[in-house]
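First subunit A sits with subunit B, and in the next complex the same chain sits with subunit C.
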Partner chain A sequence: MSDPMQEIMASFFVECEELHEALIDALQTMADGEHDNETINVAFRAVHSIKGGAGAFGLEDLVGFSHQFETVMDACRSGELAISDELVQLFLRCGDMLSDLIRCSRDGEPCDTAASNALITELSAFAGAEEAGGEPEEAVDFQPMTLSFDDLDDAPSGGDGLPDLPPLDPLPPEATTEEATPSGSALIVNFKPEPELYESGNEPLFLLRSLADLGHCDIKLNFTAPDNLSDLDKLGVRLGWQVAVETESPPSAIDEIFEFATGLCQLDVSAPESEATANTANEDAPEPVAEISEVQPPAPLAPELPTQLTESTPAKPAPAAAPAPAAAAPAATKTTAKVSPTVRVDLERIERLVNLVGELVINQAMLSQSIAEESIPPNSPVAAGLDEFMQLTRNIQESVMMIRAQPVKSLFQRMSRIVREASAAVDKSVRLVTEGETTEIDKTAIECLADPLTHMIRNAVDHGLEPTETRIANGKSRQGEIRLAAAHRSGRVVIEVSDDGGGINREKVHSIARKKGLVPEDASLTDGEIDQLLFLPGFSTADEVSALSGRGVGMDVVKTQITSLGGRIAIESTPGVGTKFSISLPLTLAVLDGMVVTVAGETLVVPLNSIVETLSLTESDLRPVGPNQVVLCVREKFVPVLDLGKELGYRDALSIEKGAIALLISPEEGALVAMLVDTIEDQRQVVIKGMQESYGRVRGVAAATILGDGKIALILDASDIAQSASGVKFDTARKEAS
Partner chain B sequence: MNISVLAVDDSRTMRDMITLALTSEGFDVELAEDGEHGLEVLDGIAPDVIITDINMPRLDGFGFIDAVRARDDTKTTPILVLTTESSADLKTRARDAGATGWIVKPFAQDKLVRALRMVTG
Partner chain C sequence: MTQISERDPNPADTNGHEQTEFLSFRIGESEYSVEIMSVREIRGWTKTTSLPHAPRFVRGVINLRGTVLPVVDLAMRLGLDETEPEDRNVIIVVDVGSRVMGLRVDAVSDILSFTRDQLQPPPDVATSSNAPFVKALTILDDRMVRLLDLEVVLPTGEEIAA
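Coming up: the complex of A and B.
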């Protein structure tokens, strides 16, 4: 058995993430003013379950914190503590801390106990203030007891219970100071069940058997017969037992056996301090009915106990005559089963499936091509079969991609934390509104989006929203709003980050760009072009850099990250109304729309999302600017021309002639580069085959794919090529990479 | 014959741990995610003993025990409450609902096994 506890622990941390998500969800609902019981219950249960699991694994920091958290939430649940905005905000911060503690526990890192203790103090202050007097002993009543499986294999595993029962632990934790009864001495147990004992599902026979497990028992029956049969109360209890147990176990062992029966029976355990007491008791007692370790069932001796409860007496005692095992017999053939409607699968297995489906798509393309080459008539069974095969392949591919898709909810939830932290740092009141949380995108994309989104949200809080005074002066609400929305739009996922702030200060942006030499002094730019300046590398509104958003990451990095996911980013901004960033991503990262081109006899794929336009050059498009230099004139704009063949090292520079085919690429917003190719073959979906694992990062190459004819084609990173052409030489870069 | 157990807990981790602790000791374990689900499972099987959590969505432990006791076929089935709270108040409430006994979470395997064996004989 591979360490099962390790597996459960891993699954516990996955569950923790789900629970944490539910917690934040509920708290967010509470922050929006919904304080209904179920919402609080959901939050409470989430923390409670985290605590429960953490206790089992001995994660003390997590247990301690969640216990305090849960205690205060429980007070809210029971109505002892009024829910205020302040309290909900504290809960949210505690939720964030809980997430940190979970992560630390999972990664085995030290926890920030100072921060968590500070929150615990705040929580206790709330609880204390309400309860007037407080309960300082609060934290003590929960004692984690870790589950040990060390003795798993040598423990007896008999199903029939009794003979295999391991000897009772002689000293339960609470009884460690107790002295063991001297060897061989007897304990006298007087036991008479109350009717409620039967009602609770307890069974005197089993209690007596457990006693017999402690050592040799002398069992005497106390039976009080009614004087008249008419006096017989069918639900009354007339049986009692006196048991003399010869055992080395302390009286606490007896207490443990009768733990569940406490209050449901008359119980008297006497350690025989003197033999005399025991003897006297024995003399008074009736004759032994059993002097064994196997106790007879009491049922035949209790004729007054009914075997069935009638409907009219549901509150009356249940009889012992119908022991549970009899009722349970049909269940004996049941096997162990999991009830969860979901299956947890290793990501690795899914990756393998995705890869196989990729192979399938390629194979199907190859098959299609060879069938096309055979010039088989379109109405032949082969062609019809192929059509169906193609359809199925596409369906399988889509279904497999769906497995990897996950709702953006977890991502959005992380952002709510960013908003809380960011707004606290700049002292603005901010509300995060999320939409379309159930929109699904590829799991990898979700992970890759966390950084850019974090940056954009911080920017929106810091720069997008005006200071509170300005908002009030402009007649806006005190609280700023940041909207995070996701939706499917025409085969892509669109994620929008918008704020209701003052909009982009274009004058300022323009002047900064001029000062930094990013645009010519005299350039006149449209609003749209000015907005695009934000994405330029090296652009940063330096005088506004703060501890919050000025972390050395600019919007250019955001853009690069989005582009590497095959995405695009756009800005819309209206002065005084707000700014909106829209990120548009392909549904899946495993397949890409590409243009298949040939250059110097090589087949290459250029991602469609990087191509602005394709051109067939005319004489008038070309303007010489030097002896061997030409620029392209596209709609009154001069565009540098690169020969892809030369940039990739396939050939020496080509003389550019009319009729040549060029792809217009936009490596950065506002800038254009024309890339010459020999022919455009096709436009199609290609399956991405990563090369980074085998070759490291190769400049200018994003990945590879296998075409229908079985040829391998490189998928180019067009922006990268354009940028390296203007700076680093491609050849050197490639050497560096290899 | 193996003792069959129905374990009702909304925490997957707890369900996993109970399963591990009990199957290795020769119990047959059926699982349910909350009280409602537990009652559905009981329509199909008759376990020897039921273990239930208290804090659960849809139908909590108290409600579940009530419902179990109200059914003819499970009126006397032993029910152990698995709870993180060891307060006397909670024990009283569990007992009032009709629970047979309780185990404090996090449980020690041997204690759980012992308690199960005891209430099922």
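Coming up: the complex of A and C.
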């Protein structure tokens, strides 16, 4: 394939992702019980556009599946198919499958046709169609026609007291067929000027334009050619238009447009055939006949469909110029498209910009350092200019970081899929509630959060929520609820995963930890400490390993991943009420405020947010507890002391003396550790330079940065150091708890 | 220094006539080389920032125009005598696969060019500790040149974690 084609294809897949996002969004809204037509339409349009694009690229699997999907959805749209929870769940699964198919098509991988066919079968079972799964191609051809079948099918039966509307402007059947396909036509306007219209100086173009102002228009020219050119009446009118307007406006708005043309043209405003489109069922329908009514009565439900009408479905016929049925009116208004203009930029370019800004920050640090060394008076123009420069740098940096920030919505959407799959696997009914989807965090963080969140959600479904029987026995609703919330809080992003399950069974957790030798037999732990046990490697509470979780790798990995992002994780659990995990992340991953310290001749940066306070030790602070061990007494609490130089392997342990400088850090909620450093140099913003790619992960080191002198300094992962320091873990927790 | 039994170089025949260029450098008394295509740049020695818990042969990291570049002390990596870095030393920045690393060597000596068939695999008898790192040997003006296998020389993730 040539390059331009690939480019187009690439942008199609990008679009697909967006469309898919819109689809899932809409389906989610439906799952929450809002079945309004606009929502269904959004979902339908998304699938329809995916199908259209896929067709253009010959991605047959995708076309076939999305076609079937679309068909059933269209049936809902027209009210033929009542929207049940079951159906919405099926739609959601189809949405998942669609994303799989899109991915497969993009990567050129073979698709899981068995799974997609299974879903197609399910879909068609809903639609009552028999031709499912088989020939999508045929289906494509067949589907639009059914609109007419439906009509014809119903017309003779006529049992519902539907008025037999007179056919207007007969069109060849193909035209109608095509007509039916544009998404969500709401009103059909048949407009044929009389010669008088032209004589009075009216211009149909303007009328058509005004129509287009109401909403998206699908305009079709009706042209009746004279049999013989010589018969042509030069002043006669042969052109007419059929316009499908997707609008919320009542038909009276259309009358207004044509106000000045009244009497000068044949005008006919009618309700759409939206009800009819999707029923693929009636195979026994008679052959299509050319005489097809433009004004279609809302099709009554096909007998074999397991349906009831939704409220919004128009039950009344829609004669010409009658108020548009509620079902159809909002059909195609692009209310959802109120997005400020955006530019799609290659992530790599942004990365480059971020890196350059990083360089700028480093350069500025170097500059200030050399100016300081020159001992230039602080009130000189140079110093003032430098201040301004620093201010600007900071602003630029913040703006650049904002470019990288993205709403967590896409992440949350992925999670809704996880909930669906997980709840199906363990046979629990679970509802995912999301909050703060618009909260923005760094793109890299979004990517890195997917795995930990997936794991936590699965845990919540599998372990967090009780089995349905237990829930009912405890007087809770049958359906479990998992809440996923994101918010900005004091310079950090907090993401919470909570469930309304039984809470952590602390007794069980404790006994398992004892059995596995993770805690000493006789240790008595507080609730908070027991909760922390979940983060220990090799811990698993599930009695049986289920398909979902319980393999003993889990929360410890989650914690490591969160920590590597510079985040923290905390648990809150109330028996019988639920469990809440809170992840708190720094806003940006590229810059952090750090304290520059020296240890054993090495310059290190400790993230400011991990430092609780800094202390200069006095004699009374230090209490010996063993031959070589000292604890620090801070406000009546005993805190273990670590020598940073020793922990990093730079030197042998120092004897801890008074006057030493200690940083008090909190590796986890409620615990404290003191770390000895030689000097505190500075407090400043540093640019984070990853070391993972070039070198790998270093224990106790989060990343590196470049200081004003061009040297590299390591950014410490204080919690990691504190936790990996031998023997500290449990001492910390217990002493703190006292 | 290990001396490996010498053999006559194969006369260039069949294929592999194309001249390939190699950057040769000195560590202690012996001469090593790497394919020049994997060399990004050569820079003077700068003090490294040492990494905690790193293997001994990892000298630390340096700032290479804004990126963090790990530096491997080649002498230590190859199991040769350890020397304190001095200002005359150089860091050869190599690019292997997707990884960029610096190699600290004593000095860069030459750019050599020879054909593929002048290269011989190291004989099995080589028991020296640096044997796995040497991909091939060749003789040039009576000097033996060792061609290093950079894939092996650069530490893997496990080695670093160990």
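Operating definition for what follows: the second predicted complex is superposed on the first by the 417 of 738 C-alpha atoms of A that agree within 3 Å, B and C clash if a C-alpha of one lies under 4 Å from a C-alpha of the other, contacts with A are read in each partner's own complex, and residues count from 1 in each chain.
The working rule: contacts are C-beta pairs under 8 Å (C-beta built on N, C-alpha and C of every residue); 3 or more make two chains touch, one makes a residue touch a chain.
Computed from a predicted model, the values in this text were never measured in an experiment.
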**Message:** Touch test for A:F44: subunit B only (first), subunit C only (second), both, or neither?
**Reply:** first
**Message:** Looking at A:F223 after the superposition, I want to know if it touches subunit B, subunit C, both of them or none. Which is it: first, second, both, neither?
**Reply:** neither
**Asked** Which partner does A:I257 contact after superposing on A: first (subunit B), second (subunit C), both, neither?
**Response** first
**subunit B versus subunit C as contact partner of A:F389, first or second or both or neither** = neither
**Prompt:** So, A:G358: does it touch subunit B (first), subunit C (second), both, or neither?
**Reply:** second
**subunit B versus subunit C as contact partner of A:L207, first or second or both or neither** = first
**Item:** Dominant contact partner of subunit A by residue count, subunit C or subunit B
**Value:** B
**Prompt:** For subunit C, which residues count as touching subunit A in their complex?
**Reply:** 47, 49-54, 58, 61-63, 66-70, 98-101, 157, 160-161
**Message:** Taking the touch rule as given, give the residues of subunit A at its contact with subunit B in the complex, in rising order.
**Reply:** 4-5, 7-8, 11-12, 15, 41-42, 44-45, 48-49, 51-53, 55-56, 141-142, 144-149, 151-152, 155, 157-162, 165-166, 168-169, 198-203, 205-207, 209-210, 257, 259-260, 263-264, 309, 314, 318-319, 322-325, 327-332, 334-340
**Fill in**
subunit B residues touching subunit A in their complex are 1-4, 10-14, 16-17, 19-21, 23-26, 28-33, 37, 41, 45-49, 55-57, 70, 73-79, 84-87, 95, 98-102, 104-111, 113-115, 117-121
**Complete:** Note: in the complex, subunit A contacts subunit C through residues 355, 358-359, 362, 602-603, 647-650, 689-691, 693-701, 704, 706, 710-714
